[in-house]
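First chain written, first letter: the chains are A, B, C and D, and each begins at residue 1.
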Amino acid sequence: MPDAPSPTATLLVACRDRTGLVAALSAFVFENGGNIRDADQHAEPESGLFFMRLVWDLKGFVLDRPQIRQAIEHIARRFSLQWDLTYTDERARVAVFATRMPHCLYDLLLSHQLGELGGDLVAVVSNHRDLESVATHFDVPFHHIPVERIDKAGAEAKQMALLDSLRVDLVVLARYMQVLSPGFVAHRPGRIINIHHSFLPAFVGAKPYHQAKEKGVKVIGATAHYVTSELDQGPIIDQDVCRVSHRDDVEHLIRKGRELERQVLTRAVRLHLERRVLISENRTIVFG
Amino acid sequence: MPDAPSPTATLLVACRDRTGLVAALSAFVFENGGNIRDADQHAEPESGLFFMRLVWDLKGFVLDRPQIRQAIEHIARRFSLQWDLTYTDERARVAVFATRMPHCLYDLLLSHQLGELGGDLVAVVSNHRDLESVATHFDVPFHHIPVERIDKAGAEAKQMALLDSLRVDLVVLARYMQVLSPGFVAHRPGRIINIHHSFLPAFVGAKPYHQAKEKGVKVIGATAHYVTSELDQGPIIDQDVCRVSHRDDVEHLIRKGRELERQVLTRAVRLHLERRVLISENRTIVFG
Amino acid sequence: MPDAPSPTATLLVACRDRTGLVAALSAFVFENGGNIRDADQHAEPESGLFFMRLVWDLKGFVLDRPQIRQAIEHIARRFSLQWDLTYTDERARVAVFATRMPHCLYDLLLSHQLGELGGDLVAVVSNHRDLESVATHFDVPFHHIPVERIDKAGAEAKQMALLDSLRVDLVVLARYMQVLSPGFVAHRPGRIINIHHSFLPAFVGAKPYHQAKEKGVKVIGATAHYVTSELDQGPIIDQDVCRVSHRDDVEHLIRKGRELERQVLTRAVRLHLERRVLISENRTIVFG
Amino acid sequence: MPDAPSPTATLLVACRDRTGLVAALSAFVFENGGNIRDADQHAEPESGLFFMRLVWDLKGFVLDRPQIRQAIEHIARRFSLQWDLTYTDERARVAVFATRMPHCLYDLLLSHQLGELGGDLVAVVSNHRDLESVATHFDVPFHHIPVERIDKAGAEAKQMALLDSLRVDLVVLARYMQVLSPGFVAHRPGRIINIHHSFLPAFVGAKPYHQAKEKGVKVIGATAHYVTSELDQGPIIDQDVCRVSHRDDVEHLIRKGRELERQVLTRAVRLHLERRVLISENRTIVFG
């Protein structure tokens, strides 16, 4: 791994009245001795909203973190900003939920081990024991929380207690085969990422590869999205596709799909952890 | 254009009991002095059907065309084949239906002019006069057949009379903005190709780019399919996709989509005219 | 075509010392009543250079164009900027050079006709008469300037006089089969775009599809680049690729390549005309 | 894993005079009670060679394996065939060579564990101990054979003895950072697969991502090829690419490249093990 670079601050903002906002924020960085590393913005004419991502070096910055927060709060009031401020040296804590399929879990764990995920993988949670050795191999604690049909609420209560005790910022569903309750989801808005094994909105629901085969499509896909209370309808973070043909039976589609699923999921998690994703109603702005 | 190669025969077959079929057909070609140029097959376990495409050189073949037909009929009875036999020197006759958008029409006409389409483009038919100069530029006759809401049946009758008089084998809907009646479609099963400007089955119906924007997808697509009586539900011949982002407004999606539409449509028409496509229920087998 | 939006100014800058630059430029826009429409930047650690693209609305802006120029000059001196300022209502003038192959020319002309090119196509120049009817069909003046081996300098002199008289900003080589002299090229740095029919730097020079077939590659490509005095070595603007197989003979590669060539060239020209491309030594920064 | 299907025989042939060959081979299968599962062929006009892959069910086939071999030998003499005959229940034995980078190794091991590789992974061989725990995790024996600069021959002798003792059919270089000697390579023609981290033939040799960055390409690639005595020049089995931009520094290119490398390598190994690859001079025919 290369040397850790000096920390940076990342500010994400959304607002309605933007006149002078870029000037105000860049002046704030400049006047306090900072250097803008990256700045990106997007105006959404449909909603009238404006989005911005601003990254600056903390090396030589004259304000400390409480002072930064205070200064941003001041600007936020002036422009009615919604905002989110993070630092690269305060890494997000991630829990992966999985069931029996290992491919997405391996990809996340390997990406983490190679130091490219942008967060800390602190737990693997599963309703089965099949993947325990995978988590152990990568030195990530494994938590077995069985989910019985007659007591899903009890299982979710245990999961939530665990997530709270581990101070988890992001939950990643890596082909986790249980539907989370609306209560669980409402608790973590924009903090649960799922991988769906189709090109949403095509093939919502169960067995999308069988649906794809049935329809005779020539391209299959995978979709990473934030989980909302509506199944398979949350804001899409990333998607990808690959070509298939009549020669691909359902087994082949599943194999090709696995490739897509793990790539798209890991990419989406990385985008989230690098603070590149903003949610606007049911869509995302992804600053690439 | 390169020299015309010597003609070949292309046989497409579908059947249920295939034991000995490849041996019988290859013996038929060999024993009559032919040389197999290309052979491809596909067994579909779901339906129990078997599909084959066989291409052989006619140079030196001892049977003439009526005799070939007779011999194939003999084999077909033995194996209960559905079959279709064509010759590369008897080119299919194609009519393109368009309305006002020129991009797909240009692509087909240019592909035809470059000698890569595999058929003869004998007519451009439109309910408007906007594209007349395009057809004329490429020396293809243009036919203006207005379609009035109160007399669609009359317009279709004129269209059908024209297609019959021109002995048209294939109708290509190049962003033709009228829905064909079930009667028109039933008359030409597997002989009408449409381009839909979405990744079907996502975004069936009108304004798919607006639907795509609304859903916040990260990939858009286009689909070429045979027209059946169910709107946007016919067998898919080809599809393609491209990445989009939050930066792409609907105008951009339409522009990127145009690229996809014309590529996918021209490719599908060429696959059809090269006799590479077989239809099985609501899916296609495309021998690439 | 939709209504013309109100004009915007686009400023491209490159510099070494950037501290405070974003603040200075955004203050300049804000304090003069402008609204930033788009801002993008890139720091290149290898060279220590910093690049920025800034777009703002001119509606309500209190400075007129000479005043804007004066103000930017002031900032430019302070930060030692290299800069380029354009307005969307002062469209660039483009000449296309072609020889006999029509596909790239059609694509540019159609894109222009559909209003998506971002500049004005004012001339088609060719050493042959084959494509005259294509230019005429799209109402673009055609200029036949023969290039004889014994007097290439004379032909180039005529081309340059024509370009000067038409006040051409950008020359696009749309499969133009003549190598331009170093003098011609030196005269228009970063103002000549070529399409090379390979994935550069693989297959430099002549007959790249034959080279690709010889090497048995599984992917072919096309590359749009600025022309410099070194053949096929100028800064790359865009590239794309498609899969091929052993079944593709050289004719097929050429056909598939044509698709790539025209897409990549038109895309590169549009990126240039939208002022999204900056050149840094032998590479480009493309603000997408 | 699904039930093992009944075994099939796969015959690969290459020859010059093909007249009657398809008829002879399909008659051989039919008359002995076999059923053709898959047949594919390719005529290469440049070389005059003809290639064929024939797969048939052994269930109900009246000949045993020695008799099949005898019968094929008979046909082979008649048509001067080069041929290769394998059975799906006699799985190829594969050794993976790696050094320190884990990503390709994980991909192969996981693919093997999921039952999709089409061969048996019997050994991981490395000149370092870093990846021992990875092999162990997947229950594949790990062999540490150090390679010292002063005694590469000795190390290769140990490797070859190991491969012989394990009856290894295929060696896969999964980012193995040592160049094999011509002797080692000559010993296993068409039996060593390497992954090169560029779109060959661009960026031959060391540090291709640095070369790609230097050239400013917009697409990077990876290439799986058979190893020959000429470095990075062996027949290409598969390639893939992904888009990059000026924003991607070398670290990013390496990360994106890792994705390509492992996908392309695993795909190439699977194609080889499914007996879909034929070598003709310095190119491959890949029956997809």
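Annotations
Here is the rule we go by: a residue touches a chain if its C-beta (ideal position, glycine included) is under 8 Å from a C-beta of that chain, and two chains touch if they have at least 3 such contacts.
All values derive from a computational prediction rather than experimental measurement.
At the far end from subunit A, in terms of centres built from Cα atoms, lies B.
Set side by side, the interfaces A-B and A-C show unequal numbers of C-beta pairs in contact, with more at A-B. Subunit C has its Cα centroid 37 Å from the Cα centroid of subunit A. One finds 42 Å separating the Cα centroids of subunit A and subunit B. In subunit A, the residues that touch at least two other chains are 247, 288.
Contacts from subunit C toward subunit B in the complex involve residues 2, 102-103, 106, 110, 113-114, 116, 133, 137, 247, 251, 255, 258-259, 263, 288.
Taken together, the subunit D residues at the contact with subunit C in this complex read 42, 44-45, 199-203, 215-219, 221, 235-241, 245-247, 249, 282-286, 288.
Within the complex formed with subunit A, the residues of subunit C that make contact are 18-20, 22-23, 26-27, 29-31, 35-41, 43.
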